[in-house]
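In the two complexes below, chain A is the common chain; its partner is chain B in one and chain C in the other.
Up next, the complex of A and B:
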C-alpha cells in the first residue's frame, strides 16, 4: 500500500493526529512516554474500549443505544452480589454479568423492532427505567468490601523489564483485546457482520433482500448488552468498587470515541480500526491534559468539540447530500 | 333515546376527527378522578395548583422546543444545555451590571434577557446549520452541542450558583396578573403563537412536510435547508424563554437546572401525539399531555413516591405510548 492509498483513508489522519499528540505531550511531561503510563492507560481505558466496540456495531446498524451504561451498572451490582454475598467465583460473575447484559439488550431490541420506534427514544426510556430501578433497589449504595482474592485477580501476570521495574498486565487488557478481536472477526469475516453493515446502509434494501431484520436487531442490541456485561466486570476489577453513578453519564465519551473513529449515524459506516484509534485518541488526550495539569472542567468542553468536529468532518468527507444520502437523477 | 344516540354518534365523530386529543382528555379526567380519591383535598388545594402553575410553564416551553424539531423528523437533545447557557448569560449580565448605584436598571434588565435569548437563538441556528448544510444527523449534532454547552456552563460557573437578581426580574417567574401566574400566561401565549406558526404559515407547513418526507419536500421546491435552520433556531429561542422563567423563578442560574427534563419533554411530545419519526403532531395535544404529566408528577410526589421510581415510570409510560401508537398505526393501515 503506497502513501497515496493511505492518504485516502480516514484512519490514516487519525493515526497522524495521535502520533503528533504523543510527541507534543512527551515534550511537556516526562511521565507520558513510559511503559508504565502506557499500561495504566490501557487498563483504565479498557472499559471505554469495550463499550466502544459495542457502540460501533449499533451505529453501523443505523441505531444508537444510550442505555448501556445503566445495563453495565446493573451488571456491576449483580457481580458484587455474587462475589460478596454468594461467594461465587469470577467465572460465575462473568457469565451472570454478560447474561444480564444480553437479556436487557434483547429487551431494547424487542421494543425497537416490534414498536417500530426510533432507537434513540427507546433507549433514553430504557436508560431511565433500568437506572431508576437499580437505584430504587440498591438505594445508590457504594459497595467496596470485595474479598482479597478478587483484588488479586486484577493482574494476571507480572513481568520485570530490562530496567528492573516491575510491570503488571491486568485482566481488563486481555478482555479488551478479546472484544476487539471478536468484533473485528464479526464485521469482516462473518455473514452476519456483513448483513449488519448492509442493513445499516439501507434498511429497506436489506429488508427486500430477504434479510431477517428481527434477528439482526436482536443480535446488535444483545451484543451491545453482552459487551456492557464484559465492560462491567472489567470496570469492577479496575476500580474494586461498585457505585451507582460511576458509569452512567459516560455514554457520551463512548459515542465520541466511536464517531471520532469515523462511524456515522447514517449507518453502514465504521471500522474497528477507526474505533480503536478513536478510543486511543481520547485516552491520550485525557491523559495528556491531566499530566499537563489542565483543569478537568475542560474535559466535557473538549469532548463536545470532538463530537461536533468529528461528525462534521465525517459528514463532509462522505459528501452525502442533506437528503440523507439519496441521490436522485433528474434529467 | 334518539337524542342519546346522536350524542354518542357526535362523540364518536369527535373521537374519529381528534382521536389523540380526546383520548388524552379522557386520561386527564381519569387521573384527576383517581388522585381526588387517593389524595382528597391535597391535589386540588390552592397551594398545589399554584406550585403546578409555576412548574408547568418552563417544562412546557422546553417541550415545545423539543416538539418542533421532532416534527421536522429530527430531535434537539441540547434543549436543557441551551436553556442553562442562556440563563447563565442573562444572570451574569444582571449580577455584573446592576449595582446599587446604577440608576435605571430596567434597560439593563431587558438587555440581559434579550442577550440570553439571542445567545439561545444563535445556538439553535448553529445546530440547524450543522444539520441542514453539513448533513450531520440531528441526534449526533445536538448531542455534541449538548456536551459542549454543558461543559462550557460548568467551566464558567465552576459548578456554583449565580444569584442575587434585581426584584423586577423575579416578577417573570413569580408574579401574577389578575391572579393568574405570569409564567402560565407566557406559556399559553407561546403555545398559541407556535400553534399558529405551525398550522397557518408556510414555514410551519414546510416543517411538517420535511418531517414526513424530506426528499419529496425538496423536490416540491421547499427550501429544506432554510426551514431546518429556522426550526432549530426557534427551538433554541424557546429554550431561552424557558430559561428566563427558570432563573427568575429560582432567583439563580446554575449549570445543572432541569437535568431530568429531557426524558419528560420527549415523553410529553410522544404522548401528545407527535410521531417520533416526524411529520405529525399538534400543539394542542402536547399541551394536554403536559397537563397530564404535571398532574401525575404532582400526585406521585404527594403520595411520597421516590423520584427514581417516577423516572422509571416515565420511561415505562413512554414505551407503552409508543407501543399503543404502533398498534393504532397498524390498524389504520388495515382499514
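Up next, the complex of A and C:
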C-alpha cells in the first residue's frame, strides 16, 4: 500500500492525530510517555474498548444500543453474588455474566424485530427497565468485600523490565485483545459478518437477497449483550467494587469512541481498526487532560461535540451525493 | 425541469406535457432536461446536447431525429433491430398457471423457455411488478401454480426463490439493490458469500477478488479499482453491478424490472447486449418494462398487461411501435 492510498483512509488521519497528541502531552507531563502509564491506560480503558467492539457491530447493522451499561451492571451484581455469596470461581462468574448479557440482548432484539420498533427508543426504554430493576432489587447497595484470591486474579502475570521496574499485565487487557480479535474475524472473514454489513448498508436489498433478518438482529444485540457480560467481568476485576451507578451514564463515551473511529450512525460503515483508534484517541485525550490538570467536566462537552460532528458529516456526505456527487470526465 | 418524467407513467407524462404547453402559452420559458430521446423529440423546440461535460450542438427540433440525437449524445451509432432468431421452444423453465392475487393480478398464465427473453409490458399499476414479486417469493399469490422445471413450487420467502435459481433486478436499484456506501466487491459477492467460504468457514479474499474481477470484466464495468464505492459509479455501471450480483448466483431465471430506468442511451444498449448474451447462455429472462421500443426490440415474445390481467401475447414482428404504444393505454 502506497502513501497515496494510505492518505485516502480515514484511519490514517486518526493515527496522525493520536501521534501528535502523544507528542504534545509528553511535552507537558513526564509521566505520559512511560510503559507504566501505557499499561494503566490499557487496563483502565479495557471496558470502554470491549463495549466499543459491540457498539461497532450494532452501529454497522444500522441499529444502536443504549441499554448495555444497565446490562453490564446487572451482570456485575450477579458476579458479586456468585463470587461472594456462593464461593463460585471466576469461570462460573464469567459464564453467568455473559449468559445474562446474551439473554437481555435477545430481549432487545425481539422487541426491535417483532414490533419493527426503532432501536434507539427501545434500548432507552430497556436501559431504564434494567437499571430501575437492579436498583429495586439491590437498593443501590455498594459491594466491595471481594475475597483476596479475586483481587489477585486481576493481574495475570508480572514481569521485570530492563530498568528493574516491575510491571503487571492485567486480565482485562487479555479480554480486550480477545474481543478485538473475534470482532475483527467476524467482520472480515465470516458469512454472518458480511450479512450484518450488507443489512446495515441497505436493509431492503439485504431482504431481497434472502437474508434472514431475524437471525441478524438477534445476533447483533446478543453479541452486544455478550460483550456487556465480558465488560462487566473486566470492570469488576479492575475496580474490585460493584455499584449501581458506576457505568450507567457512560453510553455516550462508547458511541463517541466508535463514531470517532469512522463508523456511521446511519449504519453499514465501520472497521475494527478505526474503533481501536477511536478508543485510543478518547483514552489519550482523557489521560492527557487529567495529567495536565484540566477539569474532567470538559469530557461530556467533548463527547457531545464528537457525536454532533459525526451526525453533521454523515448528513453532509449524503447531501453531497445527491447534489453534484458525480464527477464528469470533461473532454 | 430536471428529468421530470423519470417516475411517471405514460399517461402522466402526457398530462405533464399538456401542462408544459399551457405554461408556454402564458409566456413561460421552459428548460427541459432529459436523456429520454422520445420525450425530447415530442416536447422541445430546440435541443442542446451535452456530452462528457461539453456542449456538442444546438439544433432546431425539425433538423434532428432520434438516431442523430442518440449519436450526438453518446458518440456511438446504435442499431435498433428486432431479435432475428427465434428461440427453440425445447425446455420449459417456468410455467405459471392461473395465478391470482386479490387486487394485484388475476388469471395469469404463461410459459418461459430456456434462453428466451420474455417481455411483460404494461403501465405502472398494471400488476406487472406485483406479479414479478410473486415469482420471486415476496408477494405470495392467493391461488394458481408456479412450476419451475416441472416442479411445483410455493415460496415461503425470497430466500427459497433465490435457491431455486431466480434472480431479481429491481426497478429501484439504489433503494432495493445496492449498498451505495460499500465497495464493488462487497456488492457483487454479497449474494454468493457461501461460495467464498474456505475449509475453516472463513471468507476467502482471493476467491472474492476472482469472482468480482470476472464479473467486472465480463460486463465491462468502467472503474479503476474493484474496491471503489458503488456510489462513485454512473447509473449504467451501477445497474451492471446489480446485474453482476445476481449473475454470480448462476440463476436459471432472471427477472429484470425496468432495468434501464434512469440510465443513458449508451448504457441502455450495453444492458440489451448483456441480455442477448445471457439468452445465448440458456438463461430465461423476464423483462418488465413500460417502454415500447425496449420490449419490441429486445424480446423474443412479450405479454401485454393491463389492469392486472394479461391482455394478449405478441411476437415482435406482429406489431409496430405506434400500435403497441396505443395498446398499452387502451381502455
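Methods note: the second predicted complex is superposed on the first by the 309 of 331 C-alpha atoms of A that agree within 3 Å, B and C clash if a C-alpha of one lies under 4 Å from a C-alpha of the other, contacts with A are read in each partner's own complex, and residues count from 1 in each chain.
To be clear about the criterion, a residue touches a chain if its C-beta (ideal position, glycine included) is under 8 Å from a C-beta of that chain, and two chains touch if they have at least 3 such contacts.
Predicted model only: the values in this text are computed from it and were never measured.
Q: Just checking: does A:300 make contact with chain B only, chain C only, both, or neither of them? Give me first, second, both or neither.
A: The answer is first: A:300 touches chain B but not chain C.
Q: Is A:190 contacted by the first partner chain B, the second partner chain C, both or neither?
A: In the superposed model, A:190 contacts chain C only, not chain B.
Q: Looking at the overlay, what does A:23 touch: chain B (first), chain C (second), both, or neither?
A: After superposition on chain A, A:23 lies in contact with neither partner.
Q: Regarding the shared-chain residue A:315, is it in contact with chain B (first), chain C (second), both, or neither?
A: It touches chain B, and chain C stays clear.
Q: Quick one: is A:198 in contact with chain B, with chain C, with both, or with neither? Answer first, second, both or neither.
A: Only chain C; A:198 stays clear of chain B.
Q: Can A:264 be said to touch chain B (first), chain C (second), both, or neither?
A: After superposition on chain A, A:264 lies in contact with both partners, chain B and chain C.
Q: Who wins on chain A residues touched, chain B or chain C?
A: In the superposed model, B touches more residues of chain A.
Q: After the superposition on A, what does A:128 contact: first (chain B), second (chain C), both or neither?
A: first
Q: With the two complexes superposed on chain A, say which partner A:117 touches: chain B (first), chain C (second), both, or neither.
A: Touch partner of A:117: chain B, not chain C.
Q: For A:181, is the partner it touches chain B (first), chain C (second), both, or none of the two (neither)?
A: It touches nothing on chain B or chain C.
Q: If I apply the document's touch criterion, which positions on chain A are contacted by chain B in one structure and by chain C in the other?
A: 264, 321, 326, 328
Q: Quick one: in the complex, what on chain C touches chain A?
A: Its residues touching chain A are 52-54, 138, 157-163, 168, 170, 175-182, 186, 189-191, 193-194, 197, 201-203, 231-232, 234.
Q: In the complex of these two chains, what residues of chain A are touching chain B?
A: 64, 111, 114-118, 120-122, 124-129, 131-133, 135-136, 252, 255-256, 259, 264-266, 295, 297-305, 307-308, 311-312, 315-316, 320-324, 326, 328
Q: Tell me, which parts of chain B touch chain A in their complex?
A: 75, 130, 132-137, 139-141, 143-152, 154-155, 158, 214-215, 218-219, 224-225, 262-263, 266-267, 270, 276-277, 306, 308-316, 318-319, 322-323, 325-326, 329
Q: Which chain A residues qualify as touching chain C in the complex?
A: 185, 188-191, 194-195, 197-198, 201-202, 204-205, 207-212, 264, 268-269, 321, 325-331
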